[in-house]
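Each in structure tokens, the structures are laid out below.
In the two complexes that follow, subunit A is the common piece, with subunit B as its partner first and subunit C second.
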Partner chain A sequence: MLDAMPDPKPATKLVQVKDLKMYFPIHTGLLRRHTGDVKAVDGISFDIMEGETLGLVGESGCGKSTVGRALLRLYELTGGSVTIDGDDIAKLGAEALRKKRPTMQMVFQDPQASLNPRMTVAALIGEPLDEHGGMSATEKLARVYELMDAVGLNRNFANRYPHAFSGGQRQRIGIARALALNPKFIVCDEPIAALDVSIQAQVVNLLEDLQEKFGLTYLFISHDLSMVRHIADRVAVMYLGRIAELSPREPLYAEPLHPYAKALLSAVPEPDPEHEAKRRRIILQGDVPSPSNPPKGCNFCTRCPEVIPMCHEVEPDLLEVRPGRFVACHLVKPETKTPAAGSTGRPEVKEHNQQGEPRI
Partner chain B sequence: MTDRTIDLKAAKPRNQWWDVWDQFRTHKGALMGMFVLGFILFCTLVGPHLWDIDPKLIDIRARAKGPSMAHPLGTDQLGRDMLARLFSGGRITIAVGMTAMVLSLVLGTFIGVVAGYFRRLDGILMRLTDLFLALPLLPLLLLMVMLFRESLVLSLGPENGVFILIVFAIGITSWMHTARIVRGDVLALKEREFVLASRSIGTPARRMILRHILPNVMSPIMVSATLGVANAVITESALSFLGLGFPPDFPTWGRLLSDGMVYINQNPERVIWPAIALSALVLSINYIGDGLRDALDPRIRGR
Partner chain C sequence: MADGAKPVLDVRGLQTVFRTRGGDIHAVNSVSFHLKPGELLGVVGESGSGKSVTMMSLIGLLPMPPAEVRAGEVLLGDTDILKISAEELQKVRGRRIGFVFQDPMTSLNPVFTVGNQVMEPLRWHMGMNKKQAFARAVELLDLVGIPDAARRMKDYPHQFSGGMRQRVMIAIALACDPEVLIADEPTTALDVTIQAQIIELVKELRTKLGMAIVWITHDLGVIAGIADRVMVMYGGQVVEQGPVAELFANPQHPYTRALLKTIPSVTGERETRLKVIEGQPPILGAAPSACPFMPRCAHSFARCAVENPPRRPIGRAEVGWGHDVACHWDARSGGPHA
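Now for the complex of A and B:
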């Protein structure tokens, strides 16, 4: 369904996700019988072009990280297919998957937890090379130093242990590990969430520089909307295991179409105090429904401010409503001329228009 | 990058075992323990050559004597030289303690890691562990000794046969606590993010265990090891005391203690010396294990 997407540059699809489902079984009772599933990811589809950064945003627990991990098959998928660089990851055998691993790597959220405390920096960065390289010790060391230079770590640190570094430096070690095997695709699972603001900018800039230098493709998972706006080319907004809206960055931030995307983006603070005073937040009522028992029809129908009776019955499909913009909502009709119902006359939209600097 | 020119040889990361040694040296107790253990080992290995009285030689005229020039630690009720018996008894005791400890440690760590890492085997292996824990150990040991001693002694000789039997019996009955502790730690470690990170690289289970799991469960294994030596030595003493260990004329520290206990009123030094040796051995190993555990942890190292 995404095939018709017009793309300014003739890019190839590096990652194709079709109807990805990731359910975690619930076992209850004395016999631990399978009584239900936590539907962490419930049928999502998207593509990532080569050299592109796709931002994945959503509130905590909506399944963002699960998508990232499922894409690298760190979980066994419940259903659907993930095609990365020509191979369906979901169906590869153990050894073929191991051979495929160098193409796709991951930067983890918590750099403290994702580095083995008993290994030195050189050993940590060299670990992927041990697994896949077949290099001699000298070659490996040269490569480790090269990577340390690439992420801006002093070579003298090679013999130190992770506990001796700051959060930002640890994340650089994590990035160097991910780069070690010359991957094409990197899943950045909230790489900046555990860092303080001054370091966040450094790490994001480093990721951008590396993307330019090595032609990397990112899936950038984050709940920091302004950071996603900075780094991503397209943004997918997730809610309760499904994609609510998938749009190029600028149109999304200027004029979100899905009611959930509107609510989410209305929470981004404005740097200008005058605009900030005028900003009207859409405050959603109630809590996120349990992913083990999602509501019938649209996932968002229990909290949607613009809900209509149809939403409780029919599940909306993710349709292309504007060129390149995909929205899963009954209110947003795929007509290019008339603006989507309920999205006119909203003050927060105007604000975004004023503030949205066209930096493409 | 200004340091791009430095040659790789000079900048080669230092072998981390040097760091371990540096940290180990700062632990006074561990150094002391190493010194004591070295002294005990020297006495038991070289001692019998320097003090070459046969520990089994019965000199009935010199029985139950106190310390003298001819017998520095006195003699027992049959006139056997206590110093010679202490030296040669130490050999057996240390060999039994160490070998049984290694056996139980290897067995316990293996079962613990496999049970913790592979979910499918967890149930079976842990029930097996429970089964062994539920067995009454002493009767089991007695049964094993009764059943297998004869055939082992016949095929391997009295000394080796009993040695293998006792080491095996102690090892097979003392791995359960190590297995349980290791399994618990592995279960927690397995969910840590660095294991996931390593999985995303494509590390197979075997190397995952060797590279990530085992180094991180080193601390509880070390503690088990130090306790295991003490446990093995004491079990061996108990078996010897019951007359089911080594032959009666064969000195081990446990047997020296139990023999001397009857004469504790007349010759208290017959109990004191083996007891001191045994305590020094166990204590020094405990301290070495303590120092080693600290030295192997990079977070503690360098403080």
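Now for the complex of A and C:
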């Protein structure tokens, strides 16, 4: 069928995330006792294939940036494992982790805040080379120029300071920094959110070119669903610390399965008045609950338009309901495909029925 | 006037300059537009295009100096509000023109209760006593969809979520039943699902109350869904203006055309590569003698460098009523405009 996407490349898993948990403790009272946790990320698992772009979308506070940071161990994980290129990041010692850092880099949201205003562009881009490279001054300068060419910055500006650049150019400096050590995996945390519409496209095209040229793997975190559709191969939709749906791009946008993914996609305004007039929007009621006190059962049950009693009791698992599509919802059952009832179809169906059948 | 109704707001030739040590910045250059009763005018542009400064300068919200409104008139009904005194202008702001700003957290006062802030314009402009103002404020909060309004009156802004705070801001703006509501990027700081809630609310309030609205945004998608008419700004000028369906179906200015192409779609065809507008937005150092979009324009020719194009009508109606564009290039013939 349409959504039966055959795997285009013999993919190896570059990043494997298993049951990742990231809790931030809450301390209250005079004695600052540990009274609870903000469960920013509450047990999520996914893989990213080599050369792939995984989009991670969700509203603010759903934990998508925390996932990005936890993957690079910018936080100490509360639980679970993150395996990047063979090593479990969560368990590496300080020195081993430092050795590992060149393979995994990050592009930050706000290029204004993430670049030191007192350093020149050459110094900014050269800093990772100082830390990890052990290059001579001439080698380093050559590499800085090479990187500036790669991201489309004029070499003549190497001695200027970040304030002399526009937002889009600053983001290019941030990307050059991330590229400096030939990484395999880059976490892009809302890299275009702070940019103007006409500049966003420039940066996204640059990221795509670089991916092709250097064979990079991206985790692209964004709240802009239309841009994610453009850049990502597969998309994970997060809600309140968990993955609601993880699907290849086209089937997700054509037919979202999880009620939250449906609502989220229907809320995106389209620049087409005719289409907008005809469109029926799913308006979610209320706000996202606090991650320090998530609802019992399915975390979306308080706002879900299709909620059933079971949702308040049982937490749904993320199951493969269509080939390659994972959904965490009691209402979405694995498809019993009759035409494809071959050798692989049968046992799979049986297995999911045991878990997915509502007991009402 | 072409279609009868007298505009509630008529801005003519507005020019705003910021005087800085590095020289003058011409943020708004002879901007003219009007707003008919009950109409929703969408103003689109990138940051620095002058859309917010235009709205701020017409109700005197810019710090002067460094800002300076050099020319123009702003007719609200029959009065030119650029000419009236500061005290008189204060009676216009909040009373006849309501304002909703982008970030509801910074525009609400954190040390006063929400009720207090909704009651303020009622007490100040409408001369209500405390009891009347309280009753009306509860009504207003109810109107903008805040559940359990009477009890929430005593809460402080930090006890509200982002979407709820923006509802409070809308309630304050609507308190005195203004003729014009100016909403400056009211949903930009909100998540898409909350943005959809606020847009539905505004649509509903329009049919109930029928005020005219100016909605500033950089999101063409939002505009497509709610506006009657759209004004596109670039480099401190209005480059194109027209009814929403017409403008999206037949964009005339190269900037509008390019902008519409750079946005990827959620539902339509997926482009393998995004179209880009090369280059950077202009820095408005001098009063423009050339078209501000010229350095980034794919259709520019010699005349664009020497003459800033005036707005010219497309089709029948006179400038300002139908569809108009400020460009020397003619999108329909694909060559210079005669």
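Everything that follows uses one rule, which is that the second predicted complex is superposed on the first by the 326 of 360 C-alpha atoms of A that agree within 3 Å, B and C clash if a C-alpha of one lies under 4 Å from a C-alpha of the other, contacts with A are read in each partner's own complex, and residues count from 1 in each chain.
Note that in this section contacts are C-beta pairs under 8 Å (C-beta built on N, C-alpha and C of every residue); 3 or more make two chains touch, one makes a residue touch a chain.
None of these values were measured; they are calculated from a predicted model.
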{"item": "When subunit B and subunit C are modelled together on subunit A, clash or fit", "value": "fit"}
{"item": "Which of subunit B and subunit C A:R101 touches, first, second, both or neither", "value": "first"}
{"item": "Partner chain(s) touched by A:D287 [first = subunit B, second = subunit C, both, neither]", "value": "second"}
{"item": "Subunit B versus subunit C as contact partner of A:E59, first or second or both or neither", "value": "second"}
{"item": "Touched partner set for A:S226, first subunit B, second subunit C, both or neither", "value": "second"}
{"item": "Touching partner for A:F326 - first (subunit B), second (subunit C), both, neither", "value": "neither"}
{"item": "Contacts of A:F185 with subunit B and subunit C, given as first, second, both or neither", "value": "neither"}
{"item": "Which superposed partner A:F46 touches (first subunit B, second subunit C, both, neither)", "value": "neither"}
{"item": "Distance of closest approach, subunit C and subunit B, by C-alpha atoms in Å", "value": "9"}
{"item": "On subunit A, the residue positions that both subunit B and subunit C contact, one per complex", "value": "none"}
{"item": "Subunit B partner contacts - residues on subunit A that touch it in the complex", "value": "69, 72, 74, 97-99, 101-102, 105-106, 108-110, 113-120, 122, 127-128, 131-132, 138, 141-142, 145, 149, 154-156, 158-159, 161, 163, 174, 177, 181"}
{"item": "In the complex, subunit C residues that touch subunit A", "value": "46-47, 161, 163-164, 191-197, 199-200, 218-225, 244-245, 248-249, 258-260, 262-268, 270-271, 273-278, 280-281"}
{"item": "Contact set on subunit A toward subunit C in their complex", "value": "59-60, 166, 168, 196-202, 204-205, 208, 223, 225-227, 229-230, 250, 253, 263-276, 281, 283-284, 287"}
{"item": "Subunit B residues within the subunit A interface of the complex", "value": "1, 3-4, 6, 8, 11-14, 16, 192-194, 196-204, 207, 211-212, 215-216, 296-299, 301"}
